[in-house]
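Two complexes, one shared chain (chain A), two partners (chain B, chain C).
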Partner chain A sequence: MAVVELQGVSKTFRDFWLRPTVKALDGLDLSIESGEIFGLLGPNGSGKSTTIKLILGLLSPDAGKVALFSRPPGSAAARKRLGYLPELSYLHSFMTARETLLYYAGLCGLDRATARERTRQLLEMTRLSDVADRQVGGFSKGMARRVALASSLIGKPELLVLDEPTSGLDPVSTDEVKTLVKELAKSGMTILMTSHLLADAQDVCTRFMILNNGRSVAQGAVADLDGSLQDCFLAAVAERRAFSVASFLKA
Partner chain B sequence: MRAFFEIFRLEMRRLWRRRTAQLLALAALAWIFCVPWLANGDGTLDGVRHVQLLLSLGGAFTICCVSLAASGALSFAAEREEFRLALARVRPAPRFALAAGRMAALSAAGAGVLALCACFVVAKYGAGRPCSRVIDPVMEPVAAEADRMYAHYLSLLPKLDDPATPEELRGVLASLTNTPKAVLSRMFMQRARDRFESIGPGATARWTFPAQDAGEGLAVRIRFSSDFNMRDEVRGVFAFGDLSGSVSNITKSILKVPLARGAKAAGAVAPAQAVQTLEFANSSPNTLMLRPRKDLKLLAAADSFAWNMVRAWLQLSAMLATVCAFAVFLGSCLGRTVAVFTCGVMLFTGAASSDIIESYPDQLEENRVDRISLAVTRAVEFVCRPVFSLHPVAALADDECVAPAETLQAVAIDAFAIPALLALLSALAMAYAHESAK
Partner chain C sequence: MGAFFSIVRATALEISCDAFAMLLTLAALALSTFAGALHYHQFGDPTRMAREAGLSAILAGGLVFAIIASVRTVRREIESHTIDMALAHSISRSAFICAKFAGVALAYVVFFLTVCANSITAVRGAAIGAQEAYGGLARVWGPSLALGVATIVMPVVLAAAANRFFRIRFVRCATLLMLAFALASLAYRVDWRLAVLQGAPALALVPSAVFFMAFACVLAGRLRANAATGISFAAAAFSLPVLGAHYLADAAAPQAGGAPWGFIALTYAAASPLVVAVLVVNGRLNTKDGAD
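Up next, the complex of A and B:
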């Protein structure tokens, strides 16, 4: 069963007067099956964030259909099965790590006993138990990232959306996150991730899609790649690079 | 409901840990402590108390309104702009709860600070001081009187073309011919409210009031005027059933005349009747004038200052809840700077609008721009009426009872209905604001 399904999705951003400003997605088709680790890759401005926001139900498409667990992505039923780690951690600096997890547990509708137990487990898993009662405003970027990761897992999601999950982490923590992602997928969780670190994506992802100018320019299974994911990526966005160099020379 | 409480707790933590609540309490209490050095009133004990109460609680309420509205609008707009709000939005929590929880927390913090201030004021000015219930005279409703004036105006219109009509009347009628009915109705209503009644020397005036069971503890509050707005002598006797009180003072002063049991007066009626007559026999050498709807009130003893303060606190907290809800609503749809600016402008114009409308009636505005400005001010006044039509602090300062029915209504409308509506609008605005955020 497809956990995420996008069919012919287009999205154009408009200004205050509803005049089109940016065409972010142009007829995108995407299907992510249960248990997959799906890598959504692409250069800056290719439409990755817009795709993620559509899947999260924060935006609605101009054309096409988006479904999450065969439901509209904004529905409470779909959101109950969703976890999200944004590119920046966006934590409330005045809250402690424990309070942050309990807060998101409350928003997920977990009862207090379950929320406390789950918080304890996640703090242990992310090695934050010792600093659980310190305000996250004083945390290093890596520690804050781990709090954000734990909070995305608090509701035991079936689909985890990770936007640059290793951003700001040291090599050891990066390796731990990659191992964690693989283990979560083994336990049946579906994972959609974006990353600029193509080597990391190649290590973790089972399938990928490369976006450029709001369109899919390459997709497939990582195992079927002849070369590295990086070669595939550079070939897929070559048109854009050639255009940039040509226009620079022309200028 | 769980999401609502989580957001409520989050916002309370923000207010406490960022020291906003403590600073707010400190600022409000510091103001109350400073007021006695700033205001001395007219020098009498009652005058000093009146001015100090008005300034201290009024100032504390203003401080709470401005700081919590700015804090609410700023923090919510910042959360939305910095994408932090989206993290809550992707959870299965209703958008309504995200706004309503925040509104409730801001209101609760403000109510807490106001409670502190109220306790201090009660301790300072005495909890047991009696306050009075204000009773208006039984009169024809203002709207009905305005309708009669309008009907009379229509009956005069045919005389516009009649050469026998005096020039002055023709001029007045001609100036009103193109005035819309709504404006005329407003003018006539204002005129009905301000209609003066004259009491010649030696004459007796009568007004009816709802019958009062408690004979003792009644007083009349009155403000006489005279021709040419001069300060003239006032002398006379009030009679209300078997109660009476004499007055000797000057016009333009607000007089409070206690009614004491004496010889049965002429205005007495059987207690079974629904209304009773208040009489005033003018024994001064001048013709006295008053606007019965504004200048004449009967005061009946009610409960203590402490209970009155509880009702005033409830009203102030309810008003604050509406202000906070409005600020959060602005934060949900505007950028932080625009939200704070708009909130500030709305608060200022809302507070000033009723005075502007009173000072600049329709008929004085001949310029189109002024008329449009007045129409905008009227619209602002209409929107802000739930907050600025209540005057609990003024009532406290005047030793008037803050009406329980009005308090209940304020709590139901200002503290619950309006914030709920604004939370719904915020939920809609959040979705739209995110769509246009790219």
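Up next, the complex of A and C:
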């Protein structure tokens, strides 16, 4: 069964006068099956974040259809089965790590006892138990990332959307996150992740799609690749441009 | 509903940690406390001055609290993108704004109770020569002023000590201690007729604050902070003459020691459809994409 399905999805952002400013997605088709670790890759501005926001129901498409667990992405029943880790760790700075997890447990509709138990488990898992009662506003980027990751897992989602999950993490923590993602997938969780670190994506993902200018330019199973994912990426995103340093220096 | 109440709780927690809310409460406490001391200068009816200063602190302070707290909490969610994390769960954007509104209302209750209780203490201190107008209230001048000052100073000192020695959050601790001191002050030689004289008209001021709370929350959901704050304050300023005429009407005055319950009920009944209308507009506005 397809957990996420996009059919011919287009999205154009408009200004106040409804004039089109950016065509973020152009007829995108995407299907993610249950239990997959799907890598959504592409250069900056290729439409990855827009795709994720459409899947989360934060944006609606201009054309095409988006389905999450065969329902509209805005439906409460579909969203209950979803966990989301954004690219930057958006946290309430006035809350402690424990309060943050309890807040997201509340958003997931967990009862108090379950919320407390899962909070304790996740604080232990992310090695934050010692700083659980410190305000997250004072956390390092890596610690904040671990709080955000724990927040995305507290509802035990069936689909986990990870936007640059290793952003801001040191190599040890990056390795731990990769291992965690693989273990979560083994337990049956479906994972959609974006990453600019193609080696990491190749280690973790089972299938991938490369976006450029809002269109899919390559997709397939990672196991079927002849070379590395990086080579495939560079070949697919052909119109990349080098900075014109020479003309700047000459001027 | 779990998600809704989680946001309500987090919003109330956020405002209780906001130095702006604490400073505004302190300012309102100072106005209501020291206006009670003005009778020393023989300006006129001291009880009435203390009473109206307290009501002004609740009305003006309440409006400022409602508008600024609402705009700050909603814009902070949008600008820090924490709203995206919340909306990825099973709550709609319009329900999120409603939950923020309810959270601000919960924080406003703390502000209202603190300033109202303190103004009752201040009126008790000023009640001299008021036998005819106010039914012979006993004047407790010195202790009332001392209690008012203690309500301002002691919470700050104790919260600082709690922060220094026990790492308890200063602003939240000071805000809750202000409420505790203000309520505890009522226990000293309390005259419950004051609850009617001051408490009942104060209750009539709540709907205007609640309306501007909803108005500012909805605007902040679509406009940037400066625009939402500016429009909300402009609307409040334009409506103040109407509000003033309403609150100073003869029907609003306590009648022979009894509360003007009919007037209070009318105030709530008039404000309710306005609040509902604002929340309906919120539902319509938030069916579209985007934060701004």
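Keep this in mind: the second predicted complex is superposed on the first by the 239 of 251 C-alpha atoms of A that agree within 3 Å, B and C clash if a C-alpha of one lies under 4 Å from a C-alpha of the other, contacts with A are read in each partner's own complex, and residues count from 1 in each chain.
By our rule, contacts are C-beta pairs under 8 Å (C-beta built on N, C-alpha and C of every residue); 3 or more make two chains touch, one makes a residue touch a chain.
None of these values were measured; they are calculated from a predicted model.
Bringing the complexes onto one copy of chain A puts chain B in a clash with chain C.
In the superposition on chain A, A:Gly106 makes contact with both chain B and chain C.
Of the two partner chains placed by the overlay, neither chain B nor chain C lies in contact with A:Ala185. Judged by the touch definition given at the top, the superposed model places A:Val22 against chain B, while chain C stays out of reach.
Chain C runs into chain B after superposition on chain A, and of the options 182-190, 254-262, 308-316 or 362-370 the stretch responsible is 308-316. Overlap of the chain B and chain C contact sets on chain A: residues 53, 56-60, 76-77, 79-80, 82, 84, 86, 88, 90, 92, 94-95, 99, 103-104, 106-109, 151, 155. Across the complex, chain A meets chain B through its residues 13-16, 21-22, 24, 50, 53, 56-60, 76-77, 79-80, 82, 84, 86, 88, 90, 92, 94-95, 99, 103-104, 106-109, 135, 151, 155.
Listing the residues of chain B that touch chain A in their complex gives 2-3, 5-6, 9-10, 13-14, 17-18, 82-84, 86-94, 434-436, 438. By the touch criterion given at the top, residues 2-3, 5-7, 9-10, 13-14, 17-18, 80-82, 84-92, 289-290 of chain C touch chain A in their complex. If you check the complex, the residues on chain A that touch chain C are 53, 56-60, 74, 76-77, 79-80, 82, 84, 86, 88, 90-92, 94-95, 99, 103-110, 151, 155, 161.
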